[in-house]
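Each in structure tokens, the structures are laid out below.
First chain A sits with chain B, and in the next complex the same chain sits with chain C.
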Partner chain A sequence: MKSISLYVDRESFVHDVDPITKLIYILFAILVPIILPSFTVSFICVGISLLLILAAGVFRKTLPIFGFVFLVLITVVIIQGLFRPENETVLFQIGPFAMYQEGLHYALKITLRVVNIVGAFMILVLTTKPSHLVESLVRKGMSPRIGYVIVSVFQIIPEMMASMSTITDAQRSRGMETEGNLLVRIKAFLPLLGPVVLGSLINTKERAMALEVRGFNSRTPKTYLNVEKTYAYSKGIQALLLLLIVGAVAWRIFL
Partner chain B sequence: MIKVSNLSFSYHKAEGPVLSGINLEFDRRSTAIIGQNGAGKTTFVKLLKGLLKPDEGDILIQNHSVKLKTAAELARTVGLVFQNPNDQIFKRTVLEEAMFGLLNIKMGRHTAENQAIKALKLVNLDDKLEMNPHDLSLSEKKLLCIASIVAMDPDIIILDEPTIAQDHAGKKIISQIIKELAEKEKLVMTIIHDMDFVAENFERTIVFNEGKVLLDGETRDVFAQKDILQEANVEAPGITQLAEKLGFEHTILTVEEFIKAVK
Partner chain C sequence: MNKKSMWSFRFSTAALVLIPVAVGVNYIGKFIAGVLKLPLWLDSIGTVLAAMLGGPVVGALAGAINNIIYGLTVDPISFVYGITSVAIGLAVGILFYKGYISTFGKAIVAGLIIGLVATIVSTPINIGFWGGQTGNVWGDALFAAVLAKTDSVWLASFLDEIVVDVPDKLLVVLISFGIFKGLPRNVVQLYNNNDKVETLD
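And now, the complex of A and B:
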């Protein structure tokens, strides 16, 4: 079965770090450039994320995602460069359009922020199994019900995709045309949604009963299937990241 | 009617072929396809139906290559009843479900309704026309799926595990439908694990094993080959084995034959 998670199974120290530390890293990468809005800080944060992505050996997987993000950001650059109200200094001219320095400056700031946030999330998403992340959160006190909901999304969506394709096959077998131009495809696609959704609702009901039978709602403390993976330095890294955030706040206030 | 030559297929290149080097010809004899789980039976019929495209080799159906047609175009010629009825059931009422394929092949509403009701009569569902198919029992759903294909009147009908969840009455209905279709000169092909049903209903039997055809011939001859059957992990029907153990000379397929031989 296809998986919708982007997790890449590799060996690297980034993979070994526990999910909670990665979550704190995301917090760090988002907060610090906001607290200290200088380009240097943003560049450093983006640089750290990139290094970690390279170290984890998942750089190629980030390319399509960054590609998509840049597509969106280009429009930001163009619009801000041309039309930002504060625009004064013309930087260069493309035909009849003038690009302004202030707008581009602002667009660069936005771009760095977005790349930074996306990069930090990518480290978590590409190097952590969803179930592992949820398990860590449950260990930290998140309700197992919410954990289950999150994990099951990762199971149900590929299941729905698989059942979509069998249902499509069954209807093609009865002469429903699904190949051809866009209109044919859309006309074929819409009525298929009903059975797919209905099927997954039926599955959900059965899953709920199966869970109940195995005592999911019992109030005794739950045990875990996997032994907790601890990374030797995670406490140290977490402390360092938090310290840096506090340090950034202090820097901002006192200097 | 169907000519399969040198057919190979794999879902993922890395995992190796699911089917390889298959050469088969089908005539109008009713045919059972048997073999262990994962032998490649369902994959084979999906290829016949044009739902999957061969990696190598070709399939000719009534002298036309399947490669050149979409599954939808093949619907008039080849009907396939899926293993799991929930994958097939699609409409809100039993009648509409049975009419769905007919309307797809551009039949008029009125004729479609008549054909559909006729097919539903065959499976005793003509008193439930307005019911929601999802409220039927599993065995009724399966029968509805069979009816919705039979209604389309294709020359070749493929059933994937029709006897799942059927009680004796259900099996009798299916057996009756297979007979009637054979009388109408249709090719009925069935994937099936119920060996008694195979022995009682099919003239020809093909044994698949690990993506290859291990045995192919008259059902009686196939069930006589005990050693090869064992290799494919299938067992002849109980009555056949009993007769063999008792030292009967000829291969027995049904209880009636057994009694006749004893008398």
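And now, the complex of A and C:
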């Protein structure tokens, strides 16, 4: 079964850093440009994220996601450039339409913000195994039951996709059409979705029983399958990131 | 059902295993909508079903975990929209508990309300994150038109979201209610935590 996670298995120092540090980095990358709203700061944050993505060797995997994001951002640039209410200074003309400086300035701000946030999350998502992330969070005090719920999603979705394709074949062989005009396609939605959903909901009963008999609700402390991996510099990096956030706040207040 | 049971926070195992299935159903719904090239998202059927079966707390949790999983697997932007999913889960859970989703007629009204809730929660996120757009072609075309006419980003963004969200949530609630009606009683009973057969222990 195909894994649905975006995780890329590589060897790099970014992969070795523990997930909690990466979460703190996301916090850093989102907060600092909000505290210090200048283009320079945003560019620096985007730059750091891009460098880390390159260092982790996962740049190619980010392209489809950035591709989708840029598609939306292009419409943001066009719409804000043409129609932003504060628009006054005409920058240039395209046929009958005038692009305004204020709108483009605002669009650049949005673009930087989105690329920054997406980039920071991408470091976590592409270089961390979901189960590893959940395990670290459980060690930090998250309920192991919630941890189970999150990890089991990664198992259930491929299972459901597999039964989905069986059902699609079955319905097609009975003559259901999946291509054609909108009405035909809408009509195909329920016969495809219904059996998968009903089947999976009925399965929950057995899954619940299987978990119960294995002591899912037991109150004794849980043990871990894997030994905790520690990265030598993570305490230092975490302290540095938090210090930088505090420093940014101080900079904003005092300068 | 009494009022205490709506917000009961002690998750039974059955309610917990419902959440991954709900996320899976959301995923499949979005996938099929994509394969059939439907112009709607249809990606919250699982959240709605979880809220109907397990109540507002389970619905909200399913919504939150759904967006975390989407963020980790499909696109990181969905982390931001987690709040909308939580609101949908809560709204469906409360409406269903109060008996406002008990026939198809009522489900239509409930669908409209839930669409409105989703719009109200999403609009500030859209403005903060994208400058007001949703990324849906039809909605964004309307956004541009309204922005050109009225100079109000909030109005444009609200209309942008509402034309996409209300039909989507209406259909989602109707489909979910249809599925809910088709569920075997012993599955529904598993989540019915007002009487003695609530857990398996």
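Keep in mind that, in the parts below, the second predicted complex is superposed on the first by the 235 of 255 C-alpha atoms of A that agree within 3 Å, B and C clash if a C-alpha of one lies under 4 Å from a C-alpha of the other, contacts with A are read in each partner's own complex, and residues count from 1 in each chain.
Everything that follows uses one rule, which is that a contact is a pair of C-beta atoms (placed from the backbone, for glycine too) under 8 Å apart; a residue touches a chain by one contact, two chains touch by 3 or more.
Because the structure is predicted, anything quoted here is derived from the model rather than measured.
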Touch test for A:L36: chain B only (first), chain C only (second), both, or neither? neither
Identify the partner contact of A:L52: answer first if only chain B is touched, second if only chain C is, both if each is, neither if none is. neither
Should A:V134 be classified as contacting the first partner (chain B), the second (chain C), both, or neither? neither
Identify the partner contact of A:E177: answer first if only chain B is touched, second if only chain C is, both if each is, neither if none is. first
With the two structures laid over each other on chain A, which partner does A:V115 touch: chain B (first), chain C (second), both, or neither? neither
In the overlay, answer first, second, both or neither for which of chain B and chain C A:K205 touches. second
Determine, under the contact definition given at the top, whether A:T75 touches first (chain B), second (chain C), both, or neither. second
Chosen between chain B and chain C, the partner touching more chain A residues is C
So in the superposed three-chain picture, is A:P191 touching just chain B, just chain C, both, or none of them (first/second/both/neither)? first
Have a look at where A:D169 lands relative to chain B and chain C in the superposition and call it first, second, both or neither. first
Once the two structures are superposed, pull the chain A residues common to the chain B and chain C interfaces. 178, 194, 198, 202
With touch defined as at the start, can you tell me which chain A residues reach chain C in the complex? 4-6, 65, 68-69, 72, 75-76, 79-80, 82-85, 106-107, 110, 113-114, 117-118, 121-122, 125, 130, 133, 145-146, 148-150, 152-157, 159-161, 164, 178, 182, 185-186, 188-190, 192-194, 196-198, 200-205, 207-209, 211-212, 216-217
Would you pull the chain B residues touching chain A in the complex into a rising list? 46, 49, 51, 70-72, 75-76, 79-80, 82, 84, 86-90, 100-101, 104-105, 134, 148-149, 152
Given the complex, residues on chain C that touch chain A span 11-14, 16-21, 23-25, 27-29, 31-33, 35-39, 42, 45-46, 49, 53, 65, 68-69, 71-73, 75-77, 79-80, 129-131, 133, 135, 140, 143-144, 147-148, 151-153, 175, 178-179, 182-184, 186-187, 190, 199-201
Can you list the chain A residues touching chain B in their complex? 163, 166-167, 169-179, 191, 194-195, 198-199, 202
